[in-house]
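There are two complexes below, and they share chain A, which is joined by chain B in the first and by chain C in the second.
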Partner chain A sequence: MTKRALKSALRHGALALFTLATIYPIVQVVSISLRPGDRLYTTSLALIPEGASLDAYHAILFDKPFLLWMRNSLIVSVSVTIIGVALAATAGYAFARFRFPGRGAGMLAFLVTQMFPATMLLLPLFLLLRKIGLVDAMPGLIIAYVATALPFCVWTMKGYYESIPVELEEAAMVDGTTRVGAFTRVTLPLSAPALMITALFSFMTAWSEFMVARVIIQKLGLYTLPLGLESLAGTFQTEWANYSAGAILVCIPVVALFLALNRYLVSGLTLGGVKG
Partner chain B sequence: MAGVHLKGIVKRYGKGDPVLKGIDLDVEESEFMVLVGPSGCGKSTILRVVSGLEEIDSGEIRIGERVVNDAPPRERDIAMVFQNYALYPHLKVYDNIAFGLRVRKTPKEEIDTLVREAAELLNLGSMLDKLPKELSGGERQRVALGRAIVRKPKAFLFDEPLSNLDAKLRVQMRAEISALHQRLKITTLYVTHDQVEAMTMGERITVLESGEIQQTDVPMGLYERPANRFVGTFIGSPPMNILDARLDGGRLAVGECIFSAGVPDELRNRADSRGFLLGIRPEHLEVHDRPEGLRATIDLIEPMGGESNIYLSTGAGRVVATMPGIAVRKRSDEVFLRFDPAAAHFFDSRSGVRLGEGSVPGRSG
Partner chain C sequence: MGSFLRRYAQPYLFIAPAAVVMLLVVLYPFIYNFIIAFSNMSLYHLRNPEFVGLQHFRTIFTEPEIVSVFAKTVIWTVVNVAAHLFLGVGLAILLNQEVKGRGIFRALLILPWAMPQYITALTWRGMFNYQYGAVNLMLRALHLPAVPWQANEYWALAAPIIANIWLGFPFMMIIALGGLQSIPKELYEAAEIDGAGWWFRLRKITLPLLKPVLVPATVLGTIWTFNNLNVIWLVSHYGEPADKTHILVTYVYKAAFHYYRYGYAAAFSVVIFILLLSFVVYFLKATGEKGAAG
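And now, the complex of A and B:
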């Protein structure tokens, strides 16, 4: 074997190992969700267990308030996405293109909030929401998520805008647009990759979040998917098959979203470094 | 269409010295005015101020009859061609050209007619469906031109539109832009730092340096009567030679050489024997072997094809001479330089201001 082939083999070997480590738990969950009864532990190594059935999926979809949780999660996540993208797109633009008092401090503040673990922000966030009476309400949860997602989104948008030549907007304004027109007709369409990243990040922040939701939401009717799933893990007994089936169902929209946006994500993540 | 008139324009960025220090400039209706000057002298700033992308600190900008000091760019009805083209990358050529019309809510059929007309004029017909990134530099430049002309604006502003093109394409586009102007007669303010571009394209040229206008004149006017040392050396290639000169018993003296003829009255009247500067263009310097004139040593010969540039050292400084044909001399040759004082320019040695030229009546041999 040549040296190069060896290197390549090693590299692929290492990557395969990581991939395996990532995939194994997921495969396990799929496998558990298909098992009849609630057998968490089994000696069988078969991926598709003996007597595999979709009973658990049926149970979770129709015997549990899964669809309600799904609806709540969708409302929260989509709202967070829309509000987050709208705010990040405009705030990022201001930071990228204008010089104003507090600009540096603002950017820094955004960065600093990213350094605290989310749990640390939980208490102040809770107190704030209680002051404005939004505890145990969907808008409260939405505000909390937007606040968590925004710093990253604003930084992403700012960085992307800065890679777009100002001349394009100037050309548009000389061509007859207002400043806002130049933004919506030229800058925004060119920022599609960054908008996608921002949207996806906002959505994910809300979709799979548990801690904040646990603290803010108490009403059963307002449970989001992570809260609902957790409620399946009972104190004395856990319905493992149902739990797993639920987890898989929760993942599907996210996976679909990633696949759909794949193209933008790759180009978006490598952005910022390249001008032009 | 309309003239563009600047009066006493002062522009500062931040708190520093002004970048434009009182610009008075009149581009008449249908005129092709070239604005030329070294890098950083404020050329782009003037265009940005005229287009409204930059606000002024004082002065007045008039486009046609309207004072536009406070008007946003969209209300000034001018078109600008940027150095890097600034084509909208996400729009096809057609949509790039149509952009300004759409923004102005022109009816669809009219847009189509106008865009195709412009494309025809610029030979872009086959490229309307392409994206900017699929075009060559010259084609992009033409799209940028198309975007400018399609609106039939009051005036064109060009900011070094050819500097990203290779030499051959530059010459070609130079001719195309000139031809376009002949045809459309739209008032144009064209910025370049290339004096050849300025001389070949401008109906009039304004020379700018450090935010101040040095001179505005027709090309040959600048060449023959530069208002100061800066203009003298900036216009012309290779640049005008500048030598220290003085009056010796009323006669012109350069280095060890004293001339008998042609000193302008302004110089003769200077009672003191203070020195001044003599400017002489390379093509007016004659290199020969007879011991007459300035003694010089050849440092370098650049054959240019039809002519040669000869760089020499003299007792009064280093100079360059242009000779037709291929030079028969070589490096280190000892030669003599002669010139007709009537072809010389004289500048004040401190301010650099023009003092007069070789006495025109006595212009002989």
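And now, the complex of A and C:
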């Protein structure tokens, strides 16, 4: 074997080994979700359990309030996505195209919010929501998530707008369009990739968030998916098979979206990431 | 005033919706947090809080646990970020060479990033179960002693760190991969002609040219890791054993929402924020990277 071939084999071996270690926990979840009811506690390491069945999927869908959690999560996530994209698309545009007093401070403020420990906003927000009666209410959760996702989304949109030539808008405005018309009919359609990333990020923020929901939502009927799944995994007698089946059902759509937008995500991140 | 408004009306209108939300949900709580921090607000004094000055800040700095919680926060952050960088850059370098099935490797390696963090954390908690968890089963299969991941103070910190390393390296890998692709191939060819080994090329070409991408990514990663409540909270099941497994943010979360020590938690949040802010400012100065702050 030549030195070159040896090197290549080592490289592939290292990658394969590491990839296996990476996907092992995921395979493990799939495996547990297939365990039949009488073998929940097993010390077997077999990937396809003996007597594999889809019982857990049936149980989570029909015996647990999984569909209710999903409905709640969908309401919250879709609202956050719509509001988040709308706010980020407009604010990002102002930061990208105008120079105005407070612009620098505004951009910096968005960055600084990233350094807040969660409790610094969550505790006062919780006490305020309690005062105005928005604890245990979806709007409270939605507005908290919008604020969480917004800084990243605004930076992404701003970065993307800056990569679109101003001349396109100027040409449209020479032809008699207003500034708003130029924005909605020229720039916005061209920004589809950034809008997708912003939407994905807003959706994922709301779809996957646990710590804030745990504080704001206490009523069982308003549980979102993270709260619901944690309640399955959190009890003393953990329902691992049901939890795992639920986890797989929750992961499939987001992982699929993520992989589909994978390449987009990288270009969007580098574009929007660090430009002043 | 009138001309000012006319001149800037457009940008302000564009920004107004987002600004209203941020003022309401960020600025208002931010200010309110300071008010709570200087009051004795708790479950018993919810409606009639009194001004107590710096009392909570004094408590924080004389608390016996603070040293250990702070030390664990530093370990948590440094080990995680270092491992993310090492694995992320290492895998990116491997992937950037001639590899068969690169797309598949890349897609599989990115999976931990795509999964919701709470699911990752809960799944790892199951895997760290002493008797039935996959990690100990594997150790036993290799004839190694099982590890008390959930009962021993130190292993209980190692467990969430392992889970967090797993979920965090793909971000660095993708960032590094983007950076690597912008390094001209000619540099490596020239170095190879001059007889430079791979270690030399790594130190003198790859790492310096990756620095502009890695510095902001490291700052972001540090902030995220330092502030990451999810993983340590869920893997250790709210700080078990006996509230030993805490970093600063989970410690405060527990104080606020499990022990209802509102004033104390608000004051502690302020301390954490100042700590993090000074670190970031210092780090950016030390690495001479102004770009990240815009």
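Just so we're on the same page, the second predicted complex is superposed on the first by the 224 of 276 C-alpha atoms of A that agree within 3 Å, B and C clash if a C-alpha of one lies under 4 Å from a C-alpha of the other, contacts with A are read in each partner's own complex, and residues count from 1 in each chain.
Convention: contacts are C-beta pairs under 8 Å (C-beta built on N, C-alpha and C of every residue); 3 or more make two chains touch, one makes a residue touch a chain.
This one's a predicted model, so the numbers in the text were calculated from it and none came from an experiment.
K.L.:
Contact-wise, after the overlay, does A:His12 reach chain B, chain C, both or neither (first, second, both, neither)?
P.N.:
It touches chain C, and chain B stays clear.
K.L.:
Is A:Phe100 contacted by the first partner chain B, the second partner chain C, both or neither?
P.N.:
In the superposition, A:Phe100 contacts chain C only.
K.L.:
Mind working out whether A:Leu190 is in touch with chain B, chain C, both or neither, as first, second, both or neither?
P.N.:
Touch status of A:Leu190: first partner only.
K.L.:
Once the structures are superposed on A, label A:Ala171 by its partner contacts, choosing first (chain B), second (chain C), both or neither.
P.N.:
First partner only.
K.L.:
Counting only touches as set out at the top, which of chain B and chain C does A:Phe62 meet: first, second, both, neither?
P.N.:
neither
K.L.:
For A:Gly181, decide between first (touching chain B), second (touching chain C), both and neither.
P.N.:
first
K.L.:
Of the two partners chain B and chain C, which one touches more residues belonging to chain A?
P.N.:
After superposition, C is the partner touching more of chain A.
K.L.:
Between chain B and chain C, which residues of chain A are contacted by each of them?
P.N.:
Residues common to the chain A contacts of chain C and of chain B do not exist here, since the sets are disjoint.
K.L.:
Would you pull the chain B residues touching chain A in the complex into a rising list?
P.N.:
Counting only chain B, the residues touching chain A are 51-53, 72-74, 76, 78-80, 82, 84, 86, 88-90, 99-100, 103-104, 147, 151.
K.L.:
Show me the residue ranges of chain A that touch chain B in the complex, using the header's touch definition.
P.N.:
165, 167-168, 170-178, 181, 185-186, 189-190
K.L.:
Enumerate the contact residues on chain A facing chain C in the complex.
P.N.:
8, 11-12, 14-15, 18-19, 22-26, 28-29, 32, 41-43, 45, 83, 86-88, 90-91, 93-95, 97-98, 100-101, 103, 106-128, 143-144, 146-147, 150, 154, 179, 204, 207-211, 214-215, 226, 229-230, 233-234, 238, 240, 243-244, 247, 250-251, 254-255, 258-259, 262, 265-266, 269-270, 273-276
K.L.:
Could you pull out which chain C residues touch chain A in their complex?
P.N.:
8, 10-12, 14-15, 17-19, 21-22, 24-26, 28-30, 32-33, 36, 41, 46, 91, 94-95, 97-100, 105, 107-120, 122-127, 131-132, 134, 137-138, 141, 166, 174-175, 177-178, 213, 216, 220, 223, 227, 229-230, 233-234, 237, 248-249, 252-253, 256-257, 262, 265-266, 268-270, 272-273, 276-277, 280, 291-294
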